[in-house]
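Heads up, the next two complexes both have chain A, just with different partners, chain B and then chain C.
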Partner chain A sequence: MSLVSAENVKAYYYTSAGSVKAVDGINMNVNRGEILGVVGESGCGKSTLASTLMMNVRPPLRLVEGKISVDKYELTSMKRKEIRSKIWGTLISLVPQSALNALIPIKKTRDIIKDVLKHHLKNLNNEEINNLAKKRFKELDLPIEVLNMYPHELSGGMKQRAVIATSTLLNPKLLIVDEPTSALDVSTQKIVLKMIVDLRIRGIIESVVFITHDIAILRQISDKITVMYAGKIVESSTANEILENPVHPYSKGLINAVITPEREVKRRGLSYISGQPPDLLSPPIGCRFYPRCELAKDLCQKQEPHLTEVRRNHFVACNFVK
Partner chain B sequence: MMFSLHNLTKVFTVGFFRRRAVKAVNNVSFELDKGEIISLVGESGSGKTTTALMILRLIRPTSGEIFFEDKNIFKLKTGEERKKYWRQVHGIFQDPYAPFNPMYRVDRVLYQVFNLYDKQPSKKEKDQIVKESLSAVGLTPKDILGKYSHQLSGGQRQRIMVARCYILKPKLILADEPVSMIDASTRAGVIKLFMKLCNDLKTSVMFITHDLGLAYYTSNRILIMRRGEIVEEASAESILEHPQHPYTKRLLNDVPLLYSKWKDL
Partner chain C sequence: MVKEILIGVFRIKKFVVSFSILAGIILMGVVGPIVYAVVPYKIVGPPEARPSETYPLGTDAYGRDLFAQVLNGIRTSIYIGFLSAIVGTAIGVVIGTIAGFKGGLVDDLLMVVTNIMMTLPAMLLMILVAAYIEERNVLYVALIISFTSWGWIARGVRAQIMSLREQQFVFMSRMAGLSDVKIAFADLLPNMASYVFMCFILLASAAMLAEAGLSMIGLGVTSGYSLGTILFWARMKEAVRRGLTWWFIPPGAILVATTTSLLVTATALDEYFSPRLRGS
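Presenting the complex of A and B:
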């Protein structure tokens, strides 16, 4: 059963220099109860994918074509106003990359929560809102005092947890988190990850799209992994399959560049992908990865690879797989 | 011993009306041999960077001493002596933006290193050395020279900082979170380059990081720091295999691993 399905989604930024093809023909499915990890370098279109999935497209970003449906709604045919009132917060919530700055410095957490709830549930009074917030904070093991604190009084990890708690107050079915832990140290990171897993176990949310550049985190929490490069999906399968039998040279490169305190890493050694992701104003013709790929042949400069199933539920876009 | 710290303590007093003392670094002692690579690991606020600043002689300790080649570095009298110290002990910092002045070309960062030389090379020699150093860190000189810092990527900028080490050939490099702000795929490249350079020049390195993976991969010895104190010190292997202190155990338990899954999530 899929909760989200995206078909051939293209979203470009229209700038004076031309169109930046940040999301270029993406097909993906998020099943109910699943944590899907999206991984790639910075500048590969991961964050644009997040906004596109919830149809938060505003100029210069525009949806060029494609169909996105979440639950029983087809987002691509809805008006922005309608999406705002019916979808955001209640069906899909986004915790953006700058979530630490999402809290207003002159407002207590309690008042920020009030703002969010009043927008969606107009007939609640202040006391009901307070009780709702308290109940949820208790459920998630967050200290109640946080509600009476200003953002500067909270630590980084607590801010992030408060933002996630606020964004899931209305029990959205899908939570999209964009690099939630990149500014936190390891112990705090684990607490935040635990909270996300906990939200799913408690049935507050159904599915999670987890965007990150750290594939080791996805190993820990995600069921499926999608590897994105230059606006396209290059490989997608279950987390174990991707990490144990990666096929695409880019996925292999990403995995071999990770350093963790493990014997296997020392044995394997470190390698890295030379060069940088292409400028998406004019991405390379053919395979977008060929300028950085070790396997690249003449064919790759002409022929664009498409996602093909190499094993059961394991899709790869590379000219060298059969 | 090439380099040693003895009972180093730094107390900051904070607050204007109600003055309060914060012990940022508390009685820290360790030694560092020639060619040895060590890591100082701890979470934010553990006093790692304060220790680094004292080693670089940028702030004075409240008590304790630092010896470099049998000289107390806080008792260097003349400017000449201090210059010599800074030529031998060099720092690389976390933020790949901060060392660059956006108003100047990036060349300046490289050419300024020559101010630490005793005898100034001629203009031609300088150009030659700068070009060599850039090639040594895997950059093409003509792509870099003459550019402004915003035209370069984070990885390139951090490589330029490593190129400075190549020009200076210091005896000790202090690397404070050198790769935490660059992308994972580029990170491995900078680390490899760094390790090769240190191996070629026989430089000692002190990594200051919260990343146990980096510490384990690069270092001979790891020092775990918490709340201003060193709580555990052992070889990289034995930290991983037999951590003693509960804090070390917790850190190891919290790092996301690539080849095994957390059991307590």
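Presenting the complex of A and C:
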């Protein structure tokens, strides 16, 4: 059963220099109870995809075409006001990229939580709200004292966890997390990851879209991985399949670029993908990866590859794969 | 928390000095006319008497008690100053917040109005409006001043809101379901409370000077006394040329002391709120 389905979604930023094609024809499915990892370099449209999935499209970003439906709602045909009152927070929640700035600096965590609950469950008094907040914090192994603190009193990891706890107060079915671990040290990363897994085990949330540029993290938590490059999906399959048998040269490059403290890395040396992601104002014609691709042939400059199923549930968009 | 702020603020010497001067003057204006119950516009003694025990600040050209006039003048001036500061800050903050938060066409329209208000010379506008209204009580004068002085506050608030609204926590509030109005006024505005407070104080001191300026040229309050009206009469009777120092120096000195202490208080508070400005 799929919870989220997106069909041919295109979302462009309209600037004075032209349209930036940050999300360009994306098809994806997120099943119930699944953690989907979206991976790619910076500037590949991952965060834009996150905004688009929850229909947080404000100028200059605009949805050009496509259909997004989550649960029984078709978001693309709903009004923004409706989405704000019915969808956000209750059906879809986002943990934004700079979660460290996501807590309002002048309020205590308790009051931030109060804001959320008061708005959605109108007939609660302060006591009940307090109890609810305490209960949820206990469930997620967060210290109760955090409730009485201002955001600047919390450490980065604690802030991140408080944001996640606040985002999931209303038991949303889908949680979108945008690079939740990028500013944290490794042990805090682990705690945050465990918290996200915990949320799913406890049935607080159903599915997660986990956006990151760190493919190593996805091995630990995700069921499926989608690799994005220049606004398009280049490869998508189960996490193990992608990590063990990557097919697309870009996915291979990403995996080889991971720095692990294991011995063999010293032997094989560090590898990286040369060049940078293309300027999305005028992406290359044909395959968007060809300027950086080792396998590129003349064909790649003309023919745009489409996602094809190479093995069961393993989709790749490359001209050299049949 | 209030206690901590008070302790911190009173550690700044500048603040203690300026605030005591300000408090003293305000106290004179509030309590003075009650304790020293001489009617300011009643002829009580010989004209142009020097300061003495009976007349602490002497009398004016008609034999009216100048001390009573100054006490009542302080009251009026401070009342006008703070009233127009309240109204002016409120207009500026509301317009700035809406313009900054809504953006687009609303922003453009509101900024056109604001820019017009800012480019028009405020004094000229005040003179025009004041001359048009024949009977000007304290409230009118305060409103005239506040309606011509909110432009720069609106611009400042707009700029701050525009930078604040891009913060992630605004999006989180939106996701939590808060309405735009609530986000703008309950989430963003408190983030810039210190700025608005500074605006308020600056506006109060500017308004007091503006009132004195209007009164000096005879367009101030038509009933009662303000510091400006005393100066107006002193000018009419050529007090400066004739060396009647006790007539024009006290109101002038008090006016300068009030506005200066207001500005210094604002600077001291600014230092407290932004530690970067604090001396070592």
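Criterion: the second predicted complex is superposed on the first by the 318 of 322 C-alpha atoms of A that agree within 3 Å, B and C clash if a C-alpha of one lies under 4 Å from a C-alpha of the other, contacts with A are read in each partner's own complex, and residues count from 1 in each chain.
In the analysis below, a contact is a pair of C-beta atoms (placed from the backbone, for glycine too) under 8 Å apart; a residue touches a chain by one contact, two chains touch by 3 or more.
All of these numbers come straight from a predicted model, not from anything done at the bench.
Q: In the superposed arrangement, which partner chain does A:189 touch: chain B (first), chain C (second), both, or neither?
A: A:189: touches chain B, not chain C.
Q: Tell me which partner A:254 touches in the superposition: chain B (first), chain C (second), both or neither.
A: first
Q: Counting only touches as set out at the top, which of chain B and chain C does A:197 meet: first, second, both, neither?
A: Touch status of A:197: first partner only.
Q: By the touch definition at the top of the document, which applies to A:213: first (chain B), second (chain C), both, or neither?
A: first
Q: Check the contacts made with chain A and report whether chain B or chain C touches more of its residues.
A: Counted on chain A, the partner with more touching residues turns out to be B.
Q: Output check: A:154 vs chain B and chain C. Expected answer is one of first, second, both, neither. What do you get?
A: It touches nothing on chain B or chain C.
Q: For A:221, decide between first (touching chain B), second (touching chain C), both and neither.
A: Only chain B is touched by A:221; chain C is not.
Q: Between chain B and chain C, whom does A:124 touch in the aligned arrangement: first, second, both, or neither?
A: neither
Q: Now for A:140: first (chain B), second (chain C), both, or neither, which partner does it touch?
A: neither
Q: So in the superposed three-chain picture, is A:64 touching just chain B, just chain C, both, or none of them (first/second/both/neither)?
A: In the superposition, A:64 contacts neither chain B nor chain C.
Q: What does chain A use to touch chain C in their complex?
A: Against chain C, the touching part of chain A is residues 56, 84-85, 88-89, 93-94, 96-99, 101-106, 115-116, 119-120, 163, 166-167.
Q: Could you please specify the touching residues of chain A with respect to chain B in the complex?
A: Spelled out, the residues of chain A in touch with chain B are 41-42, 185-187, 189-190, 193-194, 197, 213-217, 219-221, 243, 253-266, 270-274, 276.
Q: Quick check: in the complex, which residue numbers of chain B touch chain A?
A: 43-44, 153, 155, 183-189, 191-192, 210-217, 240, 250-252, 254-262, 265
Q: Under the touch definition given earlier, write down the residues of chain C that touch chain A in their complex.
A: Within the complex, chain C contacts chain A at residues 167-169, 171-178, 187, 190-191.
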